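Each of the next two complexes has chain A plus one more chain, namely chain B in the first and chain C in the second.
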Partner chain A sequence: MSIREQFVATKKYNGIALALMTLGALAIAGLYVTQGSKADEHQQARFWAALLHNSVYFLLVVNAAMFFICATTLAWGGWQMAFRRVPEAISAVVPVIGTIAGVILLVICFGNNHELYHWTDPVKAKTDAAFIWKAGFLNKNFFAGWTVFTIVAWSVLGWKMRQLSRKLDEKPLESNEAAKKYVWNNTVWAAMFIIIFSLTVMSSIPWLWLMSIDAHWFSTMYSWYTFASSFVAGVALITLYVVYLKNNDYLEYTNEEHLHDLGKFMFAFSIFWTYLWFSQFMLIWYSNQPEETIYFIKRVGNTAKDSPYAGIFWLMFIINFLAPLLILMRRSSKRNYSTITFMALLILFGHWLDFYQMIFPGPSPDHVPMILYDFGVALFFVGLIMFVTGKALGRAPLLAKNHPFVKESLIHHT
Partner chain B sequence: MAVKKFITGNFEEEAVLFPAVKKARRSGYKIHDVFTPFPIHGLDHAMGLRDTSLHTAGFIYGITGTSTALGFITWALTIDWQLNFGGKPFFSLPAWIPIMFELTVLFAAVGMVLTFCYLCQLAPFVKKDHFNPRSTDDTFVMVLECTDKTNEAETLAFLQGLGAKDVQVQHKETGWWLGRYDKDTMRFQKKAEVAAH
Partner chain C sequence: MALLRYESQVRPPLVEGDKDYHQVTEDICRPVEAKPSRLWWIGFLISAVLLAFGILSVTMEVMYGTGQWNLNRTIGWGWDITNFVWWVGIGHAGTLISAILLLFRQGWRTGVNRAAEAMTIFAVMCAGQFPIWHMGRVWNAFFVLPYPNTRGPLWVNFNSPLLWDVFAISTYFTVSLLFWYSGLLPDLATLRDRAKEKWAKAFYGVAAFGWTGSTKHWQRHEALSLVLAGLSTPLVLSVHTIVSFDFATSVVPGWHTTIFPPYFVAGAIFSGFAMVQTLLVVTRKVLGLEEYITIEHVDVMNKVIVLTGSIVGIAYLTELFMAWYSHVPYEWFAFKENRVNLASPYGWSYWIMMGCNVLSPQIFWFRKMRRNLVVTFFMSILVNIGMWFERFVIIVTSIYRDYLPSAWSTYYKPSIWEVGFYIGTFGLFFTCYFLFSKFFPVIAIAEIKHILKRSGHKYKDGMTEIEHESVEVFADHHGHDHGA
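Right after this comes the complex of A and B.
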């Protein structure tokens, strides 16, 4: 039996991707004209916040695909082999969005507008006690260096993982010994990615890029919380691509057993995300220190005047916790292509909202800015991810057929 | 409990067992159970067993735990014995969520274990007979239940034809029963003799 190994992006697919990017570019231009080009620093900050929000969110989401590959590699998992080329292709977007996000972050850091990152203000950095105390970590040079290092490291290690996978396509492994060596080699590179990942996404990067918007406030759980958010959205994106390819008669060996496991990941990490959010919230709520509660008052407080973001927060809470909990709990819903597609879209949107309410109370503490623009900016990145992923999918066969674990995936059974 | 008649067959290979199970089902025999020394993937499917409803029971126990915790703490701290903790309102949901979570887990876990024991008929002093002691060691034992319409000789031949060894006719009491194995075997032999007369 022959299978359709080679993905060809249809004209319609690329057309939609380019159309979305055009719409997004228009939205960015519109936002620049109405906000970014104004003299008022708050309006400028609102423009940059929109770019920061979308670029960082989508960068972390596509990078989560490489985390998925490396985590399953380290665990010597075989079940994901049937569709492993999908997260590989998604992770190929990391260098592209990484460059964009890096430029945006450096412009915000070194630009003259200090509304978003208050700690970049040279006067405040010398007078504000909290900023003096944090200067060893929150300073422009470290921010720039660590940001560049992080994005380069993700890109390079991700590229290495993809290379290792593609190496086998033309040249099958000759012996069991060679297979063992190959698996070990993969394990070592995956471990290196995980170490970099834990030093960046799981700890320092969300502190630098996002938490430093509320530079007086701090939480050690913040990075884990951000990681959980981006990982569950990353799995949702992988699932969407798996379903898309299945619908177009690709991925013959991927079936509802694999979908079931992806569904379990979405279910489990939605709950994990809630657990982290609550762990962060409850201690602060309990001890009730004004310098700590200030973060949550804007987001979940119960007066409309002080907490403009409460509506967005509760909408996101329903989307990101209650809906996955109740809908994805049943076995049959995890094995159903329609339900799982719906939930994946919902989760991607929900965590986009999560990042929104993490970022925007900084530059716009009194009211929720016009969110339609942010949807527009998001479309640009969605189109970009579609376009680059489509290209990357077409570059290699869809089944890594010579990988030692591929049989395990073909007979996978939950 | 009623004593029923069963016909058992031993299979030594998994590759023989699976087609045999499928064929026995297709031919309309009533498979009482298949006893194996270790869990076998897909055997439940081949036997045509429905999915377990244990998880539904678990969900019900879970929400019972959540609502028990929520209900009790609400009653205790807002109606029965109001306490002021650091100026928080009496109804302080965030503080109760860990306890609600713990009780959800506790109720679900304990309830599911007990339900599992009930469904598998496991309890202290309850004895189960598994027809052939070799099913705990190295062979797979398929047990067909005889009904009024079962032709005993034909069934024995059918099982042998499928590759079964050591094909036997046995009389067993189904369901829950108390006792000891050595005496029970004798009890069945007597009953079987009575039934044969």
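Right after this comes the complex of A and C.
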């Protein structure tokens, strides 16, 4: 049996991607004209917040695909080999969105608008006691340097992992010894990625990019929470591509068993996200210290003050916890293409909302900005991910057929 | 098409030597059926003596009150709650191995799950002692159970994480026990069928619950395992999460921090795996089970140790960073002056914790170290020393200097009966473990057989031909077609 190894992006596929990007670009332009170009600082900040939200969210989501690869590599996983080229292709988007996000972050940091990052305000930086105290971490140079380093490191290590995978396509491994050496080599590079990942996504980067919007507030859980949110969305994106390729008669060796396991990942990490959400929320609620509760009062309100974000907050909680819990629990729903596609889309949207409520109550505490614009901006990034992933999928065979573990994946059953 | 039993030859075998099903039964039953060795007797008696000393220490405390311990007004929790958290943490590896690794279909769990589950149960038993005897008037211990009573307004406090502990740990203990015992049933039946002495036949006969090995039994057994695995998985997380709530719901600097729940769970798995290593490195040698608990198993568990140790490390650094970043002077004082400052009264304990838990496990990045038994054994002890100090640091360094400097105390030293109580739980733990290793198979016979033809040395050697097939040929021969 021969298989269709070469993905060719159809005209329709690329057309949709370009159309989405165009729509998105229009939304960005519209947002700039109506908000970003105005003299009012809050209006400007609303424009930049939309860009920050979408670029950072989608960057972390596509980077989660590389985390998936490296984690399964370190764990010597075999089951994912049948569709391993899919997360590889998604991770190829990291340098592209990374560049965009990097530019946006640096513009916000060094620009004249300080509504998003209050600590960048030169006056406040000298007068606010907390900012003076935190200046060792919250300063523009460190922000810029660490941001650039992070994005370059993710891109380079991701590129290296993809190279290692492609290397085998023309040159099969000769012997068992060569295979062991190859697996070992992969393990070393994957470990490097994981170390960088833990020093960035699981610690410093969410503090810098997101938590510093509420610069007086702090939570040790914040970065792990952000990681959980973006990882489960990343798995959802991988699942969507697997389903898409299956529906177009690619990935012959990927079957319901693999889909089932991806479903389990979406289920398990949705619960894990909820666990972190609950731990953070409950502990802050329980000990009830004003310097901590302020964060949630802005988002859900309290008896003294309503929050305009309460609806979004609880909606995203339902989408991200109750829906996966109830819908993905059954075995049959994880093996059903329609259900799994619906859930993947829902999860991607739910965590997009999660990031929304993490960012917007900072620059816009009194009202929820017109969210339709943000949907528009999201379309730009969705189109971009589609376009670049499509190109990357076409660049290499869809099966890493010479990998030592690929046969295990073919006979995988859950 | 029949499912092919195949795994890549790149993976080292999980059962070494030229084994068939019968040989597996023989090898694992041998220590149970043979007379206990002199080494076993020595170990057992030492454990029993330690246990006796523990009973004496507890008796002293019950007769004369908790004043027998050197706890004071500021340090209301000292060694006892440290020990409680330490033992609960150790009791996490077993259920992680049996439940979460079962869900992840990890073949290597079969070599170690039985002993790890037993260890879990014993560790939880030890842990439970501390809050019970810490109550002082222990005869009122049943007050923690909420049931209709005649005590009027005297009622449990549902708002308190300490009460949640009661529920979490008793649930965990029950489910772990069920899991362990239901896994034992087929093996107990094997022992029953092989038994020659009358008492052994009777004992294993009753214990095996009439297991016959029929297809129906196996079917129910498999279903039950999955259900229990599904139940235990959230329990692994919940128990130490709730233990962490004991601290994190408070407003004590160094205790109230949102990362506590996942970081406690990671630390618990870390120390649990270390204890599994301590026990299995010795067990495999003494009982001659090196072909079933292979160097590969040790290697994999050391990987878990370096992973969880590093997660804990990230959490330590996050806490330290956030104590500074928060700009809360009390929080920063607790970390800077009470912990990091080596010259402070308990500063040394912080650095022991850092050294043992974060720095030293990093040597397991090296394969040679992971596969070295002496290093593994030494490290497993070091990790558990570190994890004990983690709890000591959290408890003592946070409360010996609280908000009121006039109440500061620096003279906390455990009394002989506090230490004796702790030593006694070692006695309890090892007495149980020695009895377990004598009367029950320390490796799950049935589960080893389940992976034998896929991961056994002999069978893997026979897969060379498949290994050399191209992926297309392989797929034509062995691929299965569900939902393609």
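Simple rule for what comes next: the second predicted complex is superposed on the first by the 409 of 414 C-alpha atoms of A that agree within 3 Å, B and C clash if a C-alpha of one lies under 4 Å from a C-alpha of the other, contacts with A are read in each partner's own complex, and residues count from 1 in each chain.
Please note the rule applied: a residue touches a chain if its C-beta (ideal position, glycine included) is under 8 Å from a C-beta of that chain, and two chains touch if they have at least 3 such contacts.
Quick caveat: nothing in here was measured; it's all calculated off a predicted structure.
Residue contacts after overlaying the shared chain place A:Tyr286 against chain B and chain C alike. Once chain A of one complex is fitted onto chain A of the other, the partner contacts of A:Arg331 are limited to chain B, with no touch recorded for chain C.
In the superposed model, A:Asn112 lies in contact with neither chain B nor chain C. When both complexes are overlaid on chain A, the residue A:His413 reaches chain B and chain C alike. With both complexes superposed, C is the one of chain B and chain C in contact with more chain A residues.
Legend: residue contacts after superposition of the two complexes on their common chain; A:Asn302 is shown touching neither chain B nor chain C. Shared interface residues of chain A, touching chain B in one complex and chain C in the other, are 286, 413. Every residue of chain A that touches chain B in the complex is listed here, in rising order: 278, 281-282, 285-286, 288, 329, 331, 413.
Within the complex, the chain A residues that touch chain C are 1-3, 76, 78, 129-130, 133-134, 137, 176, 179-180, 183, 191, 198, 202-203, 207, 216, 218-224, 252-253, 255-257, 259, 271, 275-276, 279-280, 283-284, 286-287, 289, 291, 335, 399, 401-402, 404-408, 410-411, 413-414. Across the complex, chain C meets chain A through its residues 3-4, 6-11, 105, 234, 237, 241, 245, 248-251, 256-262, 310, 314-315, 317-319, 321-322, 325-328, 365, 466-467, 469-472, 474-476, 478-484.
Those residues of chain B whose C-beta lies close enough to touch chain A in the complex are 41-42, 51, 55, 59, 86-88, 94-95, 97-98.
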